[in-house]
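What follows is a structure written as structure tokens; I'll ask about it next.
Lettered A, B, C, D and E in written order, each chain numbered from 1.
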Amino acid sequence: MIDIWEGLQAAFWLVVTFDAELWAISLRSLQVSLSAVVVASLIAIPFGTFLAVQRFRYRRLAISIMNALMGLPPVVVGLMLYILLSRSGPFGVLGLLFTPTAMIIAQVIIITPLIASIAHQAMRELWAEYHDLLISLHTTKWQRIRTLIWDGRRNLLTASLAGFGRAIGEVGAIMIVGGNIDNATRVLTTAIALETGKGDFALALGLGFVLIGLALAVNIAIHWLSRTEREGRW
Amino acid sequence: MSNLFPLTMTDCVVRRQGKTVLGPVSLTVDQGGPTIIIGPNGSGKTTLLRVMHGIERLSAGAADWAQNDQGRQAYVFQSPIVLRRSVADNLRYPLQLIGVAKAEIEVAATAWLDRIGLSDIRNTRASRLSGGERQKLAIARALIRDPDVLFLDEPCANLDGHATREIEALLQETAAAGTRIIMSTHDMGQARRLAQDVIFMIAGKVHEKGAASDVLATPGTPELQAFLNGDIVT
Amino acid sequence: RLAVTTSFENSGLADVLLPAIKADTGIEVQLLVVGTGQALRLGEAGDVDAILVHSKAAEEAFVSDGYGTHRRKIMFNDFVLIGPADDPSAIADADSAVDAMRRIAEQGGPFVSRGDDSGTHKAELQLWAAAGLPVDGFGPSYLSVGAGMGAALNTASGINAYILADRASWLNFGNKGDLALLFAGDPALFNQYAYLPVNPEKHPSVRNDLALQLEDWLTGETAAELINGYEINGEALFVFNAQP
Amino acid sequence: MIDIWEGLQAAFWLVVTFDAELWAISLRSLQVSLSAVVVASLIAIPFGTFLAVQRFRYRRLAISIMNALMGLPPVVVGLMLYILLSRSGPFGVLGLLFTPTAMIIAQVIIITPLIASIAHQAMRELWAEYHDLLISLHTTKWQRIRTLIWDGRRNLLTASLAGFGRAIGEVGAIMIVGGNIDNATRVLTTAIALETGKGDFALALGLGFVLIGLALAVNIAIHWLSRTEREGRW
Amino acid sequence: MSNLFPLTMTDCVVRRQGKTVLGPVSLTVDQGGPTIIIGPNGSGKTTLLRVMHGIERLSAGAADWAQNDQGRQAYVFQSPIVLRRSVADNLRYPLQLIGVAKAEIEVAATAWLDRIGLSDIRNTRASRLSGGERQKLAIARALIRDPDVLFLDEPCANLDGHATREIEALLQETAAAGTRIIMSTHDMGQARRLAQDVIFMIAGKVHEKGAASDVLATPGTPELQAFLNGDIVT
């Protein structure tokens, strides 16, 4: 118990003293995870919407696979990406291993199925409502997808926020492809893992509280910006 | 602009969950005055309209327009489907879909808002409209693309006497301008005022059809006679 | 880029060496802290320029398979036996490491093993073998946790178990709980760290020049002073033993 | 690349030879994650529904916090739980540390906010639809929640499946509180982490493929059982 | 069972987005024959009914029943809200809520299914009903609890002549059995057939009210005269 209290103290001091390293690490965490969320949303939201709009033969199977991919274990993603990006791997020449870019790629792979799945579920409801009208207006597939995304944007926020949550707290994959290199690829989660290994629980918890605070701040900021709740229901 | 007509329906059958909801129905729809579909609740009026518009899956038979250009048809649904947007945006939407220039869209939207008397609440969310306002919006949205064929499913069910007259006048103008109108209603007065042809349905089948002057004045079957009297018909 | 084992990173020595390296040679060393096996694999794949580990047999295989150019001893520290402060197996009184292990086995543990094929794990297995005790004969009191040094120490602390750790990790370890250092000093517990540059013939992209420059520095006098002088709580941890 | 191929081979051989240890580990993975999903769903679904149904002063804040908690870093959760459960911690007497129960608790903490958040979003739509009726029928709060959960059960499936996905692939927290002890608390993800550390990438990948297969099997089984897609939209 | 009446409304005002949607309205509703609310689209009929039923938030004023037991009131919404369940389950629902015994529920549900002619499709999902069938279901669901007050918002808008007569007969029976009926309609014929009292609304205010025999036969204001003629009224 003493440790948790010490953790809070550590977090407090880290924050109030504007610890330079903490800043760098936190900013890198944010930058990597936000980039990953943007990229993943750009892929996942249209894809999830497409699955809601389009009936095709293997649709049910595709949805099951998408749901199952939510369970892609980060370590496995990290490992496969490592093999691909390694010097001796097919994309080795790009020199991406142990860079923030590699970490972003890993997070994109991990959160895309999650975002797509939540987006699909949200869009299914809206599609049921709009179906007849959009069919009658003779919309193209792409117009349907765009209309649903636009009119359902508030619901899609939950999808992206869930993706962000998973990305910012993720450690298994980025540890492998990022390498937790000081001043280069160390982010909050990998720093926490490192301190935990050293047994410095107070510092680890302190970093953890900073991370939670960061996630909270991002969520509140986005909620506030989008005013999801203020504008009420349709 | 080549001709859509005629629509040829041959032995159209719609079955849902083992129950025959429509048909077999064979019909030809050619250019002409308004056709009004009447019949008891659940007799298949909505289903017939949807088959004609090409948005209902047929279990057997075929319904084909001479020219397959669904973009020149419009449909007003029985319970109006409004987009989760403002009143004005609902009107703009069909034009935006076909890439009409912005300025032109504004002109059309403003004109229609005036015509249906919703200019004052153009920026209110459509979901907040009263039942009658919503219905008027749906009709305007269907007419804004100036379709060749207009299907309406009980369009005046929620309208007051004055609005009903207005819509009827609008539909008569529209018909005079060359738009083919096919509409269902439960209001026999309205049927008498608007119909040139009448289709009378019972239990999914076309029971009687012909020129309104004949059919409504001298019903050919005891069922239609009973229906017009408000007696039970099955 | 240098791949190192978790025990090296946990010792804290890196925080002393890296700034000095940067100041003297201008090389910015990027440390990848991984398990020994993973470090060797990173070297084989050419993803790092050199590795610093402590597992003699595996290192020799690495060189003989042509992945590394050579193996250079840098320094050693020692393993220590950690256990509950009240020491139910009385290993503090043991006269050798092997004897201590026997006492733990007799008393019935519990004993936490790294179980991850690391240098520390291999050293532990050698001790068991020398004591003539088959590891799989222990039953549930022998916990193979398959984790890094810090995590294994956390587990031992959580259940008050015996564990073999390197001295540096132990001293730096913050979550000591009721654990205490009970036995140390047997030469059988010495732990040699070696530096292996990755073979540039296999992987043209590795910065062999920097790796060699770093090797020169690590085997040089400044490094010797820093390594020998590195203390935690007043205890020296490492003994520099590179052959110039 | 060779590693990925070897990984597939490893997975193949592990499975066809019914490797006893693999079975034990896989079963433990399933047991831990399914238990966690059941417990978390029992907490999160009513809570998410409650947030959809009830307006109260700090509702927006509560929703933001819930969304932010989706980003609870597993290592931090693991760490805090470790401190609480360790012998010197307040719950040390229970002796839960390094048992599957501790792992279940950790996963419950991690996935509850995720499930609650997705459930909340799904229930918000349904509540908008049912709102007037349920208010008019003078339902108690609890009846409202029960009605929404029952009628929206198909949408809630995505929430639980997302939770399952996150649970089965999680490694950071269960490594700390479970300890990855052979024959006791080793599950697929911790075994993968171990093999990765050892540098046995082929075996690690092999286990990873088994894990993905498992997640896929669970998803397909659940989809099939619930026939989410077959029954179509409402 | 004590008496709910009278309902006293004092200066009730409903403002939405800066617009006065209703009021100020002061009214007393006591026991008596059916009260019919008439008025143009958007004049506030729905809002007035909702205020009486106690499900609309007032911006000013108060509306209080002598006894506050909302469970003895029932409301039929303008666009029928059906639960995502079967037809029969929709009917069972209000009784289940108040804990009626299973056997009794079955008796009541079967009786009402017969009465509204939906016995054949009792197990169909309610969302698949035609517009008219849905409306009848909603009315039956409101009556199944045998309320003391029944509010209906344009209940016959989607019904055919026969069904309209049936519902009117049903309402007259219900009224004769002592249930207070308050209903809005656009069908002046229906108003004449059913009304004992009439409330005529324009622009959110009660413009005229009184006994139907007086008000409908000899309109006291030019506006009501115009409205009854189907002319424009604002």
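What we mean here is this: contacts are C-beta pairs under 8 Å (C-beta built on N, C-alpha and C of every residue); 3 or more make two chains touch, one makes a residue touch a chain.
In this text the structure is predicted, and so the values were computed from the model without any measurement.
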Legend entry - Intersection of the contact lists for chain C and chain E: D
Inset, instruction - If every step must land on a chain the current one touches, say how few steps get you from chain B to chain D. - result: 2
Inset, instruction - Select, from all pairs of chains, the pair with the highest number of C-beta pairs in contact. - result: A-D
Legend entry - Farthest chain relative to chain E (centres taken as mean CA coordinates): C
Legend entry - Chain located farthest away, centre of chain B as origin (C-alpha): C
Legend entry - CA centroid of chain A to CA centroid of chain D, Å: 16
Inset, instruction - Compute the distance, rounded to whole Å, between the mean C-alpha positions of chain C and chain D. - result: 36
Inset, instruction - Averaged over CA atoms, how far is the centre of chain B from the centre of chain C? Could you give it in whole Å? - result: 81
Legend entry - CA centroid of chain A to CA centroid of chain B, Å: 47
Legend entry - chain C: positions in contact with at least two other chains: 148, 151, 154, 157
Inset, instruction - Would you mind listing the residues of chain E that make contact with two or more other chains? - result: none
Legend entry - Residues of chain D engaged with two or more neighbouring chains: 82, 176, 193, 196, 201, 234
Inset, instruction - Mind listing each pair of touching chains for me? - result: A-B, A-C, A-D, B-E, C-D, D-E
Inset, instruction - Going by the contact rule at the top, pick out the chain B residues touching chain E in the complex. - result: 16-17, 19, 39-42, 46, 78-79, 121, 124, 128-133, 136, 153-154, 157-165, 186, 188, 227-233
Legend entry - chain A-touching residues of chain D, taken from the complex the two chains share: 1, 3-4, 59-61, 63-65, 67-76, 78-80, 82-84, 89-90, 113-114, 117-118, 120-122, 124-125, 127-128, 131, 155, 158, 161-162, 164-169, 171-172, 176, 188-189, 192-193, 196, 201, 204-205, 208-209, 211-212, 215-216, 218-220, 223, 228-230, 233-234
Legend entry - Residues of chain A defined as touching chain B within the complex: 126, 129-130, 132-133, 135-139, 143, 147, 151-152, 234
Legend entry - Interface residues, chain D side, partner chain C - complex: 82, 86-88, 97-98, 175-176, 179-184, 186, 190-191, 193-194, 196-201
Legend entry - In the complex with chain D, residue positions of chain C that touch it: 34-41, 115-118, 140, 143-148, 151, 154-155, 157-160, 177-178
